[in-house]
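My questions will all concern the structure given below.
Labels for the chains are A, B and C, by order of writing; each one numbers its residues from 1.
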Amino acid sequence: MRLTEEQQLLRDAVRVLADEKIAPRAAEIDRTATWPDDVRRLLASHDIFAIPFEERHGGLGSDLLTLCLAIEQISRVCATSGLILAVQALGAIPIQVAGTVEQQDRWLPGLASGEMLIAFALTEADAGSDPSGIRTRAVRDGDDYVINGTKRFISHGSVADSVVVFAATNPDAEKASRRLSAILVETDRPGFKVTRVEHKMGIRGSPTAELAFDNVRVPVANRLGDEGQGFAIAMKTFERSRPGIAAQAVGIAQGALEVAAAYAKERRQFGKPIAELQMIQSMLADMDAATEAARQLLYAACEAIESGNGDAARWAAICKLVAGDAAMRVTTDAVQVLGGYGYIDEYPVERMMRDAKITQLYEGTQQIQRLIVARSLLAGS
Amino acid sequence: MRIVVLTKPVPDPAAGAERLGPDNRLDRAASPTVVNGNDEYALEAALQLVEAHGGEVVILTMAPANGTETMRKALAMGAARGIHVTDDALAGADLPTTIRVLAAAAGQEAFDLLLGGLDTSDGAGGAVTAGVAARLGLPLLSTAAHIEPDPAAGRVRVRRLSAKGYDIVEAPMPAVISCTQALGAPRYPSLKGIMAARSRPIAAHSLADLGDGLAPADGAWATRVVAAEPPTARAAGRTVTGSATDAAREIADFLADRRLI
Amino acid sequence: MPALVLAVAEVADGSLTRLSTEAATLARALAEAAGGTALGLVVDAAPAGPAAELAGYLPRVVAVTAAELADQVPAPHVAAEVARLLGEGVTHVVIGATTDGRDIAGTLVGLTGLGLLANADTASWDGDAPVTRSVVLGGRAVTESTLNGGSGIITLRPGGVGASESAVPGAVEPREASTPAVPAAVVLERVAEAGAEVSLEDARVVVVGGRGVGSPEGFAVVEELAALLGGVVGATRASVDAGWVPYARQIGQTGRVVKPALYLGLGVSGAMQHRVGMQGSEVIVAVNRDQDAPIAEVADLFVIGDLFQVAPALATEIRARRGG
């Protein structure tokens, strides 16, 4: 996959920033499980948040591949930090695909500058892979909606300035896919509350929150798209956001591969560097192959999705599927290469392995991705 | 204000791949190039000054044809435009020629300040900025740790590092300043800066554009390198481990043997 | 044209710097090898004392009284005097590679177009020109360079040439100052900063605090050892960037280059850009917790240990040996 000069320039600039400013923070972010606001400000001041937004909103007007290049480079050194960019991009997509010009002009510049943070709230306690379990209600009352319900596992939910909430505006709709609407809720509205922040296996610096809506009143003007379009907006969103998670996964895998390869060259056993042992070489080679394959598939998916290829859903699912599994495999093998040292926090691979797992779970589990790929395949188109 | 900043692409010291070619001249193709470290500090100082006082920063580089790559980074940091002096006849140019050429190019700009890094990582002569000042007949304020222009009064004040601290030195503008690292760490180019830099102009000048007699007619430089070799390695040293008191005793014995205590 | 080698002296606090005596010694040696003569130049508001001292090294010293140097930067004035002497037959100029020395050399090159052999550690005479030896490319190469034409300028790094006086003291020739060809910036004020007064290049012992020192307070152990060893405190770029010590103390590629009799590094990792500034030291001792610290590659004695334990223990040991 040949990158344009612009893509290479931006990728290299993000790489340098990640190596010099973010990498030194990664272990501490994980150990203290603290939201790294300094990294958020760094991304803002270097225009990295601007990547997925149009120039008229203060963005760089870059394509999906460029965004993924940036997420990959940051995730290589810190998965939590890479997620900051990915979640911001995710939360903005409903506004970009379904918002009116006025809504876009109102909300997107603050997101592009990184001054405001946004979260995406679809999941609930009883609605993960199966969105038909969504119970959060948005009831029309004059010119407002009144929202009641609870969302679970919302990335950035406790630090976001606004949340795109998927709530049922027509719970009795004939077609289940017409029940939901997407509504942007500013988090300073009365009745909005963060009721829980999870303690997680990985991406520990990224706050994953439970959000309670207790008669939260928002103007109808905050609704994105028409009533009943919520599910479609969510599906359309995933077409563009899943590659971002694939990019995070590829970055994590690459980071782990680099640590393992460097370690193998230094570590001496049986009178020589373990890099000279064939079993180690075999593992490293498979790790490299898996990472590269995931990367190239991701880049191809970005191009296909950006070009408006009819099967964006399939491309998004397939690249996220492959990358997530690659990240888990590569990081697990990286710990193996480092042996006992891989298990302790003196080396970053144990963190990378813990970080990798989420890429097989969120934005659609691997099982959901497989259903999407199979559906597309078997539809015969 | 218009501030011209001299920047030199040098082999990346972090890469450690510098080599001298067969003629003992630096093989500039052998190693990735970066903007000379000290020049970045000068550039950062210039950018902050025009942010405070208005105006533009212009990069001036004398380099082979591929010198534009490093100039783009300087433009990405915020410089408005670049001047690239490039000519095959300047390959391996000596110091007097470099000074004449840079002075001639700078002299075509109406600048308030000309800034250069204190020295370069690949030559470390530290004389270019002073030489350009002399050639242009301008005052030199060297070894600057702080720069404070007063455009209304047409003067500039500089803190010049000294053995005891610093001297406060002043001259009328236009003036030439050599810059130290104490001026403050250079910014990373923002992504918007990187994108904008692609369309900022770099004007190319050949020797002929700058005037006659800048380089020696017969191509004979004033100096030449007659030999080059890697430095003699130090004899291997001894490693000491153990308790602090044991180590202290070993160090003291070592120093006493050499009459250092 | 017979070789006439000029050593340009530098005055600090009313006395001649040690580097000036090294430059004078080199000028004399080159002149002798070339079958010519050497002379010295002192330009100062009060040159008599330093000129008399310089006369111990050279047969003839021109002492220029330049009252302006009290409140102007020296380079244009000194360059004007050197230019005058070049017009009177001087063929080669040796200048100490200091802040002022580099400015003088650069100004001279700009004014005269003469070639410059920069940062020489030593020089010798070969045929009809001097050949200088210097370390370039961040310490990765040692070069020998020479002048292609008849005349030129050499800047000399400290510590490469051992100063030695002549058998017979020379004569001092007082002169009035010339007018500089380029304007000199005015010195409005000279500010002394506590902790900035250092003469790192002249120090016999340098004790350096690196990243491992951890804080400005941590430098107390560095200072204690420096005081005990009769040395000067130096720093790496990491310590300076962290704001623990002033930039004046920084040793390395973008700082000072030192060649003391003893370099003692505490918590110094020894990154290449620092090693460039100290690897010419006669004896190198380093203490670091990291056994893989690159400084081990140049250390004559490398101690793997915690500097906050080893340094105080060493201080105690030194005091004990001195009987106190």
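Just so it is clear, contacts are C-beta pairs under 8 Å (C-beta built on N, C-alpha and C of every residue); 3 or more make two chains touch, one makes a residue touch a chain.
Here the structure is a predicted model, which means the values were calculated and not measured.
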Notebook entry, point to check: Among the other chains, which touch subunit A and subunit B together?
Noted result: none
Next item on the list: Name the most central chain, where centre means the mean of Cα atoms.
Entry: B
Check: Going by the average position of its CA atoms, which chain sits the greatest distance from subunit C?
Finding: A
Item checked: Inter-centroid spacing, subunit B versus subunit A (mean Cα positions, whole Å) -> 43
Note to self: Taking the mean of the CA coordinates per chain, how far is subunit B from subunit C in Å?
What the structure shows: 20
Notebook entry, point to check: If you average the CA atoms of subunit A and of subunit C, how far apart do the two points sit, in angstrom?
Noted result: 56
Checklist line | Residues of subunit C engaged with two or more neighbouring chains | finding: none
Margin query: Looking at the complex, which residues from subunit B come into contact with subunit C?
Written below: 11, 13, 16, 18, 20, 24, 26, 37-38, 94-96, 99-100, 103, 118-119, 121-135, 137-143, 145, 157-172, 175, 178, 180-182, 185, 220-232, 234-235, 237-242, 244-245, 247-252, 254-256, 258, 260-261
Checklist line | Interface residues, subunit B side, partner subunit A - complex | finding: 188-195, 198
Item checked: Interface residues, subunit A side, partner subunit B - complex -> 6, 9-10, 13-14, 16-17, 45-48, 50-51, 60
Next item on the list: Under the touch definition given earlier, write down the residues of subunit C that touch subunit B in their complex.
Entry: 12, 73, 75-76, 79, 97, 99, 102-111, 113-119, 131, 135-149, 152, 155, 181-193, 196-199, 205, 229, 241, 247-248, 250, 253-255, 261-262, 272-273, 279, 283-285, 287, 291, 296, 298-306, 309-310, 312-314, 316-318, 321-322
